[in-house]
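One chain, subunit A, links the two complexes that follow: it is found with subunit B in the first and with subunit C in the second.
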Partner chain A sequence: MVQTRLGDGSTIEMTEEEIKADIERGIEDAVDRAKVDPLSEDEIEKLTDIYTRPSKFVSVETGNELVLTFDEGSVKLKRLAVSIGRIPDLQIYERVFCSDTAELAHVDYSFKPVKPIVAEEQIEMEQALLSTVLPIYYGAMPNLSLYSQPDGAFPNPAELLPKGKIKEAREAYEGMMEHAIKDMVYVGSKMYEAGADGINFDTTGSAGEPDFLATLKATEKLKEKYPDISIEMGMSGEFVLGMHGDLEYDGTNLAGLYPHQQVKMAEKAGVDVFGPVVNINSSETIPWNIGRTVTMMKACAEASDIPVHANVGMGVGGVPIVETPPVDSLSRASAALAEIGKQDGL
Partner chain B sequence: MSNELFEKAADAICDADVERAEELAQIALDEGIAPLEMIEKGYTAGINEVGRLFDRGELFLPQLMGCAEAMKSATAILKEAAAEQGSESEESIKVVLGTVQGDVHDIGKGIVASILEANGIEVHDLGTDVAVEDFIETAKEVDADIIGTSALLTTTMGVSEELLKTLDEEDLRGEFKVMVGGGPVTKRWADKIGADGYAENANEAVSKIKELVD
Partner chain C sequence: MVISHALASGMGGVRTAGDLVARMQMTRNMRLDEAKEYVAGKLGVDVKELTDPVIMDEVREELNIGRVQPGAGNAKGMEAKFNIAKLLDIKINSVEKFKSKTS
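This part shows the complex of A and B:
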């Protein structure tokens, strides 16, 4: 028997045959939902090997190491109740965690609340850049929901839709998008001018396809203004939730797109690094979850002409929904995504 | 003939075609098909398919609302006929739903509310940032079967545990079943705090609620 986990983090024991069968079921689910190719028999064997090794920690063969990009880095250690400022936090990412890039972020972590304090953020960015050598992004979430009531000026589509007010909900989304684009471009411009190497749009699409479209348009505008700016786009879910239902980018309806389709939209807008998400089902086993995760992530990497860095952490990328991911699951998911999922980074 | 009508009814729901759904309900009654059979084998099959498509990103929220409207209109005609024929349909399950205090995330909770309503469940949606006492007060007022809580944050999910403790303290634990859900919530956690149910997504919430009330 081999020790593995459920998606909720609890430990379970399975035979090697059961693990392989669950990986295959997960692959079938990914193929069925995302309409992508399944993994080959060799890849299934390799994935089964990674998930049946008795080692607590699994790594990759030399030469298969990946770039490590951390989002929301300057906030995460503080969440663990470590008394630390944002700049020492970034230094730890650079010098202790060996991160290849880091991200300065504000605890509110959305572009809208950063707007009135952007001058303070510029100072922090300048000082961070003077005391580190790794590329530093400034990151926040587009968070379109902040533009509707009670937080914003527009009527709340989540309240309008159940009342059947579809036209009004769509108009609200369209207004919210315009405001969000302005804020993303404003904050992005200010932080780039303060020296940031790039901007990370994190958790894109959390309010559905209007959120995704606003971010694509903000990317276009920033790229037009600053051709050398690096834009990273991390997604919020494995498919783009259709909240408006009728929004297109480059002739493609954005609702319902899976990672291998999302990345083409991101590329078109000018994104430099794409961070796909595949969600965890907490009631299924980790072998089932990793089967579907690797299948969708591999399809995304193969479709992409830009670097793809899978989101791997609490509840995404084959990692259980627990605040501090267990090393057995995290290391296995990382190895699987590097060696089978064809990712450029994590 | 009945099977064909059931399929057409299911299609009308998937197409969000209110007029067609109502027309088919009338045809079923004219042909002597039992109203409750038409609901179960026709319209409910349709709304189940709608839920499945939504869960896979193949159908979007505005369309879902249209499907729910078609379901409500057609089943209203059939339920009225069933009552007249003396074959009472089951009383609607009542759910009080909300995002817990301190948490303002409403998208996922709203989707759950819509899918539940589309399945004929009476939903009292309290919105976001809902205090424990407000959940309980409303549940008492509407004589709810179930209180459903949603939390997207690890920092707010504990409010559901407070709700359970308060229900215990007020000797109301036996009155209402409590279901929990949301991004960081898992079945293991639901079991740990003593909740009656947990659902991974909106579709699963429908079947879990029906199981709990049965």
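This part shows the complex of A and C:
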């Protein structure tokens, strides 16, 4: 028997045959939902090998390492109740964690709340850049929901839709998008002018396809304004929710797109690094979850012309949905996505 | 989580050549293999040596592009980025800003 876990993090034991069967079931689910090719028999064998090894920790073979980007890095140590400023935090990412990039971010991790304090963010970025070597992103979430009442100016689509007010809800989304684009371009411009190596639109699409479209348009505008700016777009879920229902980008309806389709929209807008997400099903086993994760991520990497960095953390990318991700599951997901999922980074 | 990823699959950042490969992905959209080959070519090492901390520490010291444990007199922070921009033949935004404020 081999020890593994459920998606909720609890420990279970399975035979090697059961693990392989669950990986195959996960692959079938990915093929069925995303309409992508399944993994080959060789890839299934390799994935089964990674998930049936008795060791606590698994790593890639030498030479198969990839680039690591981290969202919201500069506030993560603070979240652990470590009394630390953001610049020392970034220096720890560089020289202790040996991360390949880092990200300056505000505790209220959305573009809208950053807008009134962007001057302070610029100063912090300027000072961080003087004392670090690795590339530093400025990151925040598009978070379109902040633009509807009671937080924002527009009627709340979540209240309008149940009342059947489809037209009014769509108009609200369109207004929210306009404001969100302005904030993303404003903050992105300021942080690029402060010297940031790139801007990370993290958790894109969390409010459905209006959120995704707003971020694509903000990317276009920033690229037009600063042709050398580097944009990373990290997604919020594997499937773009259709909250508006009639929004297109370059002739493609955005609702319902899976990672291998999302990345093509991101490329058209000018995104430089794309971060796809595949969610965890907490009731299924980790072998089932990794089967579907690697299948969708590999399809995304193969469809892409730009670097793809899968999101692999709490509740996404084959990692249980817990605050303390177990190293057995996390290291296996990390290695599997590098070696079978054909990722350029994580 | 950061440490687990770094050990399981990470390139090693400034300890090796991870920051340099990342820069080629960010500035030129290079996929992983292309970025590694480009950086290895510029550093004069084999691709497999890019993640060897013993070799890369010597290379980084010789090229003065920042080390994980920089000694006195070694380029640090912005100084190292000036040398990285020249070595990789890329524009680094903060380096350009620094030049515009000081020259």
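Following the convention adopted for this analysis, the second predicted complex is superposed on the first by the 346 of 346 C-alpha atoms of A that agree within 3 Å, B and C clash if a C-alpha of one lies under 4 Å from a C-alpha of the other, contacts with A are read in each partner's own complex, and residues count from 1 in each chain.
One rule holds for everything that comes next: a residue touches a chain if its C-beta (ideal position, glycine included) is under 8 Å from a C-beta of that chain, and two chains touch if they have at least 3 such contacts.
All values reported here derive from a predicted model rather than from experimental measurement.
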{"item": "Touching partner for A:162 - first (subunit B), second (subunit C), both, neither", "value": "first"}
{"item": "Subunit B versus subunit C as contact partner of A:28, first or second or both or neither", "value": "neither"}
{"item": "Touching partner for A:170 - first (subunit B), second (subunit C), both, neither", "value": "first"}
{"item": "First, second, both or neither for A:245, with subunit B first and subunit C second", "value": "first"}
{"item": "Partner touching more residues of subunit A, whether subunit B or subunit C", "value": "C"}
{"item": "Touched partner set for A:256, first subunit B, second subunit C, both or neither", "value": "first"}
{"item": "First, second, both or neither for A:37, with subunit B first and subunit C second", "value": "neither"}
{"item": "Intersection of the subunit A residues that touch subunit B with those that touch subunit C", "value": "314"}
{"item": "Residues of subunit C touching subunit A in the complex", "value": "1-16, 18-19, 21-23, 25-27, 29-32, 35, 47-48, 51, 65-66, 68-69, 76-78, 80-81, 84, 91-94, 97-98"}
{"item": "Of subunit A, residues touching subunit B in the complex", "value": "6-10, 33, 145, 150-151, 156, 158-159, 161-162, 164, 166, 169-170, 206-208, 239-246, 255-258, 281-283, 314-315, 321, 323"}
{"item": "Residues of subunit A that touch subunit C when the two form their complex", "value": "57-60, 62-70, 73, 76, 93-95, 97-101, 126, 129-135, 192-198, 228-230, 232, 272-273, 305-307, 312-314, 325, 327, 330-331, 334-335, 337-338, 343-346"}
{"item": "Residue ranges of subunit B in contact with subunit A within the complex", "value": "56-63, 65-66, 69, 104-107, 110, 113-114, 117, 125, 127, 154, 183-184, 186-189, 200"}
